[in-house]
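Just so it is clear, A, B, C, D and E label the chains in written order, and each chain counts residues from 1 on its own.
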Amino acid sequence: MLFGIEWDTSSAWAFAWSILPILLRGMIVTLQATVVGFVLAAILGLLLAMLKASHCRAIAWPARAITEFLRDTPLLAQLFFLYYVLPEYGIVLPAFLTGALALGLQYSAYTSEVYRAGIESVPRGQYEAARALDLSAGRIFSAIVLPQAIPRIIPALGNYLVSIMKDVPVLSVVSVLEMLNVARIIGDRTFDYLIPLSMVGGLYLIMTLVASAGVRWLDARLPKQGVPLK
Amino acid sequence: ADLDQIRERGVIRIAVANEIPYGYIDLDGTAKGAGPDVAAQLAERLGIGRIEWVATGFSSLIPGLQADRFDMVAAEMAILPQRCRQVLFSEPNSSYGEGLLVAAGNPDDIHAYEDFARNGKKVAIMAGADQLEMLQALGVPEASMVTIANNADAISTVSTGRASAYAATSLTVSGLADKSGRVEGAGSFRDPVVDGQPVRSWGGFTFAQRSEKLRDAVNTELQAFKQTPEWRAILTEYGFSEADAEGSFQRTTAELCTE
Amino acid sequence: MTDISTINDGVVAEGQSSLAEGDTTGREPVIRFDAVTKKFGDVTVLDALDFEVRKGEKVTIIGPSGSGKSTVLRILMTLEQIDGGVIHVAGKPLWHEARNGTLVPAGEEHLRMMRKEMGMVFQQFNLFPHMTVRRNITEAPMHVLGLSRAEAVARADEYLELVGLSDQADKFPSQLSGGQQQRVAIARALAMRPGIMLFDEPTSALDPELVGEVLNVIQRLAGEHDLTMLLVTHEMAFARQISDRVCFFDKGRIVEQGPPEQIMSAPREARTQAFLSGCLQPG
Amino acid sequence: MDWLNYLDPLLQGAWVTVQLTLYSTLLGGLLSFLLGVGRLASHPGLRWLSICVIEVFRGTSLLVQLFWLYFALPLAGQALGLDWRLPPVVVGVLALSLNIGAYGAEVVRGALQAVPPAQLEAAKALDFTPRQTLWRISLPQAIPEMMPSFGNLAVQNLKDTALVSLISLGDLAFRAEQIRNFTQDSTTVYTLLLLMYFGMALVLTALMRLLERSVGRWRATGG
Amino acid sequence: MTDISTINDGVVAEGQSSLAEGDTTGREPVIRFDAVTKKFGDVTVLDALDFEVRKGEKVTIIGPSGSGKSTVLRILMTLEQIDGGVIHVAGKPLWHEARNGTLVPAGEEHLRMMRKEMGMVFQQFNLFPHMTVRRNITEAPMHVLGLSRAEAVARADEYLELVGLSDQADKFPSQLSGGQQQRVAIARALAMRPGIMLFDEPTSALDPELVGEVLNVIQRLAGEHDLTMLLVTHEMAFARQISDRVCFFDKGRIVEQGPPEQIMSAPREARTQAFLSGCLQPG
């Protein structure tokens, strides 16, 4: 029994059918972690991108080093660090939030590059024309650069959303009850791993195929009106 | 693999689950604990020259046996009927009671497993451990349980308040409490009572279903070894009480498996 | 705010094909370069350049590729910095401002104020692709000059009418031909009512058959006596027709300058002769 | 100093990580080519097989794959009366290499498709067989194109090896966990862990750059 | 294997500037198109084309862009398929093979055998950029003809000598000028000793000053009596000089053909006259 739902071990099919709702409960946690992790990655990545673009070397260089470090170390190690080391300094986050934060940090390294590429893809002439019209720096960024960069940024971010989803199972090591952890607990208690784990694989395949299709759909729908895409 | 093959190879693969004091691997990679120390003696008596220690998660012990990733488990795993359906157990090597690890000063004032059935606080258990069944039998709701992967994670989990207590055997609790000043064993602990009886566990060595010969040979040697003072010395060295040692003679595996 | 008068709102002499022969020699210089030097790395692009444009004057810059023509305009628009010398626009130093009586390097505030004097039309149009034609034109008046939406739209429509594109206001730039895009760019610059208009080869990215429409619009602007125009172009016949003065640039210096008839028909310098004989002179 | 005591077991673990990375990157590279070429094969069976493998391994989580191979595959084998109990090292290398093989296949495919069609026509005019064209013309030109992506994949793979610690392989992350369990000294252990991974990634990146330069020599000399 | 003789190894008449006037009219046709039709989608590119080339003949194809000139060569090289008609090369059907007495669509084996008769030089050279010049030339002889490395290298050096590039053998294509690259491409095709050489505008991707070196090499090849040459070019003077026959293509048909003097100086068809008057005829 898990989440108050009993399983039925009378036959393989009955077992699979009876644990499906339990796995779906885990899937909800997976999706929650994906979304929270993604939002964090999107925000932290923007922050990193802005720091890296700074003209002040004392800001840009450390930001670059941090990006490199976040990108080159395993999610698992970062997760352990956040989960076990932060509390030593009095910062105690629930497992779920720690996990989402680890995902956010790891992927902020990637998303910061997405922002940079998106912004650099706006031709120089656009900045020059905007300056010649005397628009302020803030207005140039928000009204000229960002709207042109976003249609290029969104699809790339979407691909990282899918990647984050595939990394959520790592959070199981800090006791987040996402789909894989749920499947393992079922396995631990029924000693049948084949069915729950195979079902998790199948559910994952469905989730990523749907998500990838969603990203493509969004990509095709983005208001690119007038924006020449490469 | 069964006894003949192991003798032929000259190597037996024994798994432990990093649980002090039942079985764990220290910094130099050697196995220690009540299970491994006794197992080493038995292997010697069986004429098996070398032991390959395998450290793995507690919840991987039974799947690992089934998948033939090792020949024997020396983790003082509790002998329980539902486990007997999956694997073979030796006769009991030890017996132990329950305990609770809490943050220093016991801020949530916890003294029994039953407390969690009502107070809505969270209790940590290790993945695959039998405290789950006890808590379920005592009516602790699923939402109050936090599953951790590793015994030693309990210190962090409890001291940071991610759970109010860690439910484990008394020995595990005292071993962990010794390690860190931030946690302690819950004082005036009341043994959980299930089906009218205080809960006690009997730990033994574990084997795959097909390793019957190995299990029988281990049983023979274990019975003999338990008569020696060395056996008692090993158990007491790791914190088992006289009563725990005596207790191991009170039940047979056959009884425990059918209860 | 500025002592340069702006062109009269929407009042444009229709079909004006002859030249703005108004004598500007007596007027004050509205652009003045004194010994301006500009380098890119080791390459000296402008070499102690002295150069003046009077209020209302229409000046054309010609010269071989790489001679620094665009650089002059880009420096005026503060898109490039200078390495030496002083530039005055409308009597005020462009790159410096007076603070407590001494000249200090200009801050962004000062640069923004100076840029307000000028509008620029680029070779590649540089319209904002994600905005409709009308929003391209209203964006700066609303957010820089602080006009209300209604005022800005009224102004945009007025200039769209001027460039003959009233019916294209709601399209996106990518839906227009190159010539139409460039006319929108001109309307966009004019909507800020600058006293000085800078054109950097406004027709050279256009297919030959579209060049005419843009030249037509510029020619009409040239009829405005108060609008100062500085124009880089390879259209010699056109330069001859509209400009008060032609400057021939080479290697970051002015080799020769004077009335278009003199420069084009009877250049004094060998370098100018060689350059002009290389250009196929139409019409 | 405590951390000096940790260094020895951590280095042992790091060596396991290095070996795992090496084997799975090599095997993964091989799979990338097989699957990438298979994806473009004219034989529909071969093509669909490649597509399925690529989609399954790209579409599921690596940890799910690891656990499936470790826990579920032996049971699946049992059900069929077969012995599919792979040692953890084999499971680790297999899962890691299938994973980067699937990602690498897309890189290989992209690079092969980027070879100018004129090159293939020239090869045909010289009477090369399709196989010779693939081996002698397309692949050699596509490989330098792939190298930067492969460099990223190799680093990704190094990071992913940390997950094998969860199936009890004594790699760097596993050793770190073990030491922390024993000493409860999380700060030191995990700081060392992160730094060691970072160091290994930097070395790996540098090696991949060297490799990239050496396979692309003919391009570097170009105008 | 083939009844077409190959050019004599390395024996090249030096400085041969006059024409190969050998009369080929009596010889058997080595290429024959019978009512060949080729469509791309709805567009008919070759329209029931009849066309013959005799052994040793040098034929130049001229005509406006899009008239199907390249298509003729690409079909011969089996880079494009045909939609109707029959082609014979060296007496054998190109797209069909006889099996059990009936003609069936050719398999890859047959096509490879037929391709061995021909070599092709592309407009864009299409050298293999990852191989040195020498390996570009040895690759096919070694792996298609099965020559040993030593034999292939000897042969490569011989043809490099022929095209005057002996000293460039160890460079990569990207280190050579366009003219040199095209000469390597010629050497590469020749090293397979084809009886027929196809040239598709071999000089049109070259800067004018590099055209000469390539034409020179082709002219020397034209001196070979046994080599059949089919050449698409816009170099009229050159075509006149080397070819036995000029074919004027338009819209996928041969409008007019004959000796170069007649076609170039006194074209009969209006279409040919119009085309030739459009070409600046040098020399």
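Structure notes:
Criterion: contacts are C-beta pairs under 8 Å (C-beta built on N, C-alpha and C of every residue); 3 or more make two chains touch, one makes a residue touch a chain.
Protein identities per chain, from UniProt: A = Ectoine/hydroxyectoine ABC transporter permease subunit EhuD; C, E = Ectoine/hydroxyectoine ABC transporter ATP-binding protein EhuA; D = Ectoine/hydroxyectoine ABC transporter permease subunit EhuC.
None of these values were measured; they are calculated from a predicted model.
With contact taken as defined at the outset, there is no chain that touches chain A as well as chain C.
Where touching is counted per the definition, the chains common to chain B and chain D are A. Steps from chain A to chain B, taking the shortest chain of touch contacts, total 1.
In this structure, the chain pairs D-E and A-D differ in their number of contacting C-beta pairs, and the larger number is found at A-D. In terms of their C-alpha centroids, the spacing between chain C and chain D amounts to 57 Å. Centre-to-centre separation of chain B and chain E, using mean CA positions: 84 Å.
The set of chain A residues that touch two or more partner chains comprises 84, 173, 184, 187, 193.
Residues of chain D in contact with two or more other chains: 71, 75, 166, 177, 180, 186. Not a single residue position of chain C touches two or more of the other chains. The complete set of chain-chain contacts reads A-B, A-C, A-D, B-D, D-E.
Taken together, the chain D residues at the contact with chain A in this complex read 55-56, 58-65, 67-68, 71-72, 75-76, 79, 155, 158-163, 165-166, 173, 176-177, 180, 186-187, 190-191, 193-194, 197-198, 201-202, 205.
On the side of chain B, the complex with chain D involves touching residues 18, 24-29, 54-57, 60, 63-64, 66-69, 150-153, 155-156, 179-180. On chain A, the positions that touch chain C within their shared complex are 123, 125-126, 128-137, 139, 143-144, 147-148, 225-228. Chain E makes touch with chain D in their complex at residues 77-79, 108, 112, 115-116, 118-120, 122, 124, 126-131, 139-140, 143-144, 172, 174-175, 188-189, 192.
Note for the complex: chain A touches chain D at residues 69, 71-78, 80-81, 84-85, 88, 165-170, 172-173, 180, 184, 187, 192-194, 197-198, 200-201, 204-205, 208-209.
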